[in-house]
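Both of the next two complexes hold subunit A, though its partner changes from subunit B to subunit C.
And then the complex of A and B:
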């Protein structure tokens, strides 16, 4: 579907308000008689809590309460574990995350007590005064060490295996036997933190008159926190309202109820005060769930001619100290994409979740997709190098061809659409690949280390297959959309307005988009997994169909003619045979007054769309870089990425997503790494030690282009795009680095490619 | 933590008033200039001064000007002013080199040269720049003013000559006609604190190095001068051979520590490479006419 508005590079409607400082983020919300909560966190990665002495804190003027696990309602001690369905043979240990540590702390930063005070400053002063009596226990930070006899993180899980799964398709044994060679690889993909500009936070308020608990929280959607809060507190869903204000970024890290939210809610109910928690950056770094953290052993069976025959992976996921509802899902997604864009007839993946004394992991932009792409793309390049085949050639030979869709992979994913060879060819053309290779040859002749790297990546999108939307007409005739998923930077007010403008035959300025309040609109799912436009946009079309239909019924009533003699045209109802029609204003007013029309339905459309499968976006990426061996600095000069996101609703916003996620992809391989001591003690405690790049730090030229093949799964034909850069770019940069270092015989480098690591690999320490 | 422990706050409207407040309230009182070093430490509660004396009103201490054969820089001059000063750009481009890689615009709009030097962080870039150029600092107290050479200013990491009731008012840099200067820094990402950094200046007469200075950051004491390397360069023909020798000496002289930014041997190797590069760039600027 492309109309006059879908496909246009409309500017973001939300920017003026946000850029001018008129946004209202969580901490901007003001509440009368608001109290503030701050947390006492464990300094040790593993310890028995022998006692908590809060007497000095309680004696501080302005302190209202100090609570520990024992003060929580008995049902409200743990976050829910099973929030997302997993395959039946996916085994998961019963190690949910406590809301406050109960008797034992299992990572440094875990909240042990909460202090409620009249101001944030007093709360922090009192946190300083709470004495924790901790008895240190043996602990482990490295996931491989945890599995190799490391001290148990949970006494009841002696081997530290907190989840396990095995997925196999095709004759794996046979294919490896038939392979001319087996390429081996071992990868360590470090933990990353999402680092949203706005950290987490919430305000909880309880109205005993209505028996209604309201949580305003900085979250990706209101629906998941609401369900989980109702579940934790044992309340009816109707007695919990969640409102999401403007959100300053999430990148996967605000996808549910945080334990701190539940504490704020408990304190609000206990004290009758509204309770605010806005975390500090140090807290975010310590206690917000982190992403990636995967150790992978890979084997790729290849024929002498470069055919990819079989893949075997063992994925060890660094789960952390507890399982959140979505901790294991990352491994599931990585498994489903393990064979990447390639036709590999046999594949086998073993997933092992390792408990470690570190903050739990969960989704971070890409959430399993970058890990899968990194491994397969590095393996394909290793195969090319070992076989002496050009990296372009080995890809051309093995990519799923354009005519093969829908294509079922050996591991059971069904790719709906795409043209991977076409993407690769266009990326090579756009990057002037032959010239890049000539430049490399010249550089090598001068003794410089220059590399070119490729990646072809697949992005599954649309997970949790359904979404809702509602639509109605306001008194002034504007169309109000209430999508089930909410915005936290994606630009829903812009793209949904474009979709609705086409569907209703009006200009986008006649469309208003509102979301984030669980009391408005329908129960929905939310914004994650690059799903909003594809699933939510389709639900919107259904809702608007129904709305137009009801408009016709109302107009027939008002004009006193049969509905069949009317049609919807350019935003109003008009009679087929000509003559005056009925405007949207008139319809809205009539429906509001409903004086003589009691049997007509409300002027409102609702839609629920189920995506029959997943929509698979894809991208091909060419990275060019040069290494300075004397300092170890890696300068990525250019990224060229060609994306298939299906129908592009707004090219400007889509390009923004590609550029933004490419920058996060660059950060992931060049700068960022959460690091810990062997015992799990965090080493990266702030942005002084965790290197997040800012705008001036990214000097790489990023060239983007779209080459759509519409998805057959939805009426819009869209697919995800928001994660593409962070999936393809790290793999392409890693391949380029390997290519640059090839003359030195360097066989493998794990990210991040920090100056010191590269200096060492280029022989710096031997000079 | 985002809130400092409780403290008293006053602001001074003159140097004399600031000094009087420091004297009256004793050693637990601290000056606050840009606050970009002090406030983060207070928020993390690594620093707990009882009282702050805000000197941001002392706008007459924000200047870069020529005074005879010296450049005088007021202690309240912000990074951003240093970066955009035409005088510094023409006489000592080392300032611009360094400013381009110090922190980010937000920090550069607030942070001051006085605060940077008095913080005494071994990785502070301006300490290395001022030490390179053989600058000095004017330190005022109620009883008078003394001038301390930048190279004698540091007693150790985070420790300076400034007493509890004293204040730095000005930084003075000698002008050397025809000098070339440069700053080279390697960081994990641009704008981060240095893994290692090297500043240098050169004057060349008849192809021979007449005068020079080399200052190191993040590899030992704040603003560490590489004295042996300087001595070895003076009187030698400018060129790769001299630079290589100086690079080796600077590397041997520095005292890096292994930390999250890298192991000591890496930093030492960087010092050699960056010394070479800085000398080359400074020499090129000499040839280009002293800028």
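And then the complex of A and C:
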């Protein structure tokens, strides 16, 4: 579907407010008589809590309460262990996260007590006055060490295995026996911090008159935190309202309820005050769930001609101290995409979740897709190098061909559509690949370390396959959309208005979009897994279909003609045979007054769309870089990325997602790593020690293009794109680095490719 | 013990009683109600809190409110006349230089200070001028474009004939 508005690079309607400083983010919301909560966090990665002395804190003027696990209401439960379905044979240990540590702390930064005070300053001061009596216990930070007899993080899980899964498809043993060679690889993908510029936060307020608990929170959607808060506090869902204001970025890290949100809610109910929690950046780095953190052993069986015959992976996920509702899902995604964009007839993946004394992991932009792409793309390049085949040729030989869709992988994923060889060819063309290779040859002749790297990646989109939307007509005739998924920077209001403008035959300025309040619209799902346009946009079309039908019913009543003699045209109802029609204003007013029309339905459409599978976006990426051996600096000169996002609703915003995710992907391989001591003590504690890149760090020329094959799974034909660069770019840059370092005989480098690491590898400390 | 702070904020003279420990950013947000200036870190890395102090960009989380005594402060809300947009605000919108928008006020204020001194900055000069601000959404590409577009618009605005 494309119309006059879908496909146009509309400027964002969200922006005029935001550039003027009139955004309303969580901490901008003002509440009368608001109290503030701050958390006392464990300095040790593993300890028994022998006591908490809050007397000095409580004696401080302005302190209202100090609570620990023992003060939580009797019904208060831990955070839900499973919020997204896992396969039945995916075993998960019963280690949910408490909302305050109960008797034992299992990572440094875990909240042990909460201080409520009249001001944030007093609360933060009083945190320092709470004395924790902790008895240190043995602890472990490295996931491989945790599995190799490391001290148990949970006494009841002696082997530190908190989840496990084994998936096999095809004749793996036979294929490896038949393979001419088996390529081996071992990869360590570090933990990353999503680092949205706005840290987490919430305000909780309780109205005893209505018995209604309201949580305003900086979250990716209101629906998941609402369900989880009701679950944690044992409340009826109807007695919990969640409102999401403007959100300053999330990238997967604000999906669902944070334990701190639940504590704020408990304090609001207990004191009758509104309770605000706004975390510091240091708290975010210590206590917000982190992404990636995977150790992978890989084997790839290949024929002498470069055919990919079989893949075997053992994937160790650094789960952290507890399982959140989505911790294991990242490994599930990585597994299901392990064969990448290639036809590999046999594959086997073993997933082991390792408990460590570190903050739990969860989704960060890509969430399993980057890990899968990194491993398979590095393995394909290793195979090419070992067989003496060009990396382009080995890909062309093995990519799923354009005619093979829907394509079922050996591990059971069904790819709906795409043209991977076409993407690769176009990326090679755009990057002038032969010239890049000539430039590399010249550089090598001069002794410079220059590399070119490729990656072809898939982006499954649309997880948790349903979404809702409602639509109605306002008195002034504008169409009001209430999509189930809400925005945190993607530009939903703009793209949804474009989709609705085409569906209704009006200009986008006749469309109003509101989202984020669980009391408005329908119960929905939310924004994650690159799903909003595909699943949410389709739900919107269903809602608008129903709304138009109801408009016809109302117009038939007003004109006193059969409905069959009317149609919807250019935003109004018109008679088939000509003559005056009925405007949206008149319909809205008639429906509001409803004097003699009690049997007509409300002028409102509702849609619930179920995506029948996953829509697979894809991308091909060419990275060019040069290494400066004197400093170890890796200068990525150019990224060319060609994306298949299906139908593109707004190319300006889609390109913004590709560029933004590409730079996050670059940062992930070049700069970023959350590091810990062997015992789990964090070494990364703020932006001083976590290298989010700055503007002058990003000099890379980024060339983007879209090459759509529409998805057959949704009426719009769209697919996910918002995670694209995080998936393909790290793999392409890693392949380019390996290519650059090949003359030195360097066989493997794990990210991040920090200057010190590269300087040592290129012989810096020997010089 | 609160002390008197006299400052001009967005052209308006003010006199407020302020505790010595209050940071300038908290004074602007909580006392003046100007919540367009944001806080994104606690180590003065992110620059979301950048405002102009007597025309120079400062990270308002990195100084005490009382240190601004006598100064003229401009925040994002005061950069353009009411209802209008500064060329930088227009350019960030037109060039898709923002996504979540949280870092944007800080970037625009830092860029305003840069363009006041340099009417045609190169990529390198933009890099130096904005190295104290972090953005996680845009990858900076469109921010660089927006600053150049605003510089161009401001140059053209200056050379346009006055009146008529």
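In this text, the second predicted complex is superposed on the first by the 766 of 767 C-alpha atoms of A that agree within 3 Å, B and C clash if a C-alpha of one lies under 4 Å from a C-alpha of the other, contacts with A are read in each partner's own complex, and residues count from 1 in each chain.
To be clear about the criterion, a residue touches a chain if its C-beta (ideal position, glycine included) is under 8 Å from a C-beta of that chain, and two chains touch if they have at least 3 such contacts.
Being a predicted model, the structure only gives us computed values, none of them experimental.
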{"item": "Contacts of A:594 with subunit B and subunit C, given as first, second, both or neither", "value": "neither"}
{"item": "Which superposed partner A:186 touches (first subunit B, second subunit C, both, neither)", "value": "neither"}
{"item": "Touched partner set for A:48, first subunit B, second subunit C, both or neither", "value": "neither"}
{"item": "Residue contacts with subunit A in the superposition, subunit B compared against subunit C", "value": "C"}
{"item": "Subunit B versus subunit C as contact partner of A:280, first or second or both or neither", "value": "both"}
{"item": "Touched partner set for A:756, first subunit B, second subunit C, both or neither", "value": "first"}
{"item": "Partner chain(s) touched by A:688 [first = subunit B, second = subunit C, both, neither]", "value": "both"}
{"item": "First, second, both or neither for A:549, with subunit B first and subunit C second", "value": "neither"}
{"item": "Subunit B versus subunit C as contact partner of A:128, first or second or both or neither", "value": "first"}
{"item": "First (subunit B), second (subunit C), both or neither touched by A:82", "value": "neither"}
{"item": "Subunit C-contacting residues of subunit A that also contact subunit B", "value": "121, 280-282, 688, 694, 696, 699"}
{"item": "Partner subunit C, residues of subunit A touching it in the complex", "value": "11-12, 14-16, 18-25, 27-28, 121, 195-199, 246-249, 251, 280-282, 488-491, 652-653, 655-656, 659-664, 686-688, 692, 694-696, 698-699, 702, 725"}
{"item": "Of all residues in subunit C, those that touch subunit A in their complex", "value": "21, 29, 34-43, 45-46, 48, 75-77, 80, 85, 89-90, 92-94, 96, 98-105, 108, 123-124, 126-128, 130-144"}
{"item": "Touching residues on subunit A, where the partner in the complex is subunit B", "value": "120-121, 124-125, 127-128, 280-282, 630-633, 670-671, 675, 683-684, 688-689, 691, 693-694, 696-697, 699, 754-756, 759-760, 764-765, 767"}
{"item": "Complex contacts: residues of subunit B adjacent to subunit A", "value": "1-3, 5-6, 44-45, 104, 186, 188-193, 195, 260-263, 265-266, 269-270, 273-274"}
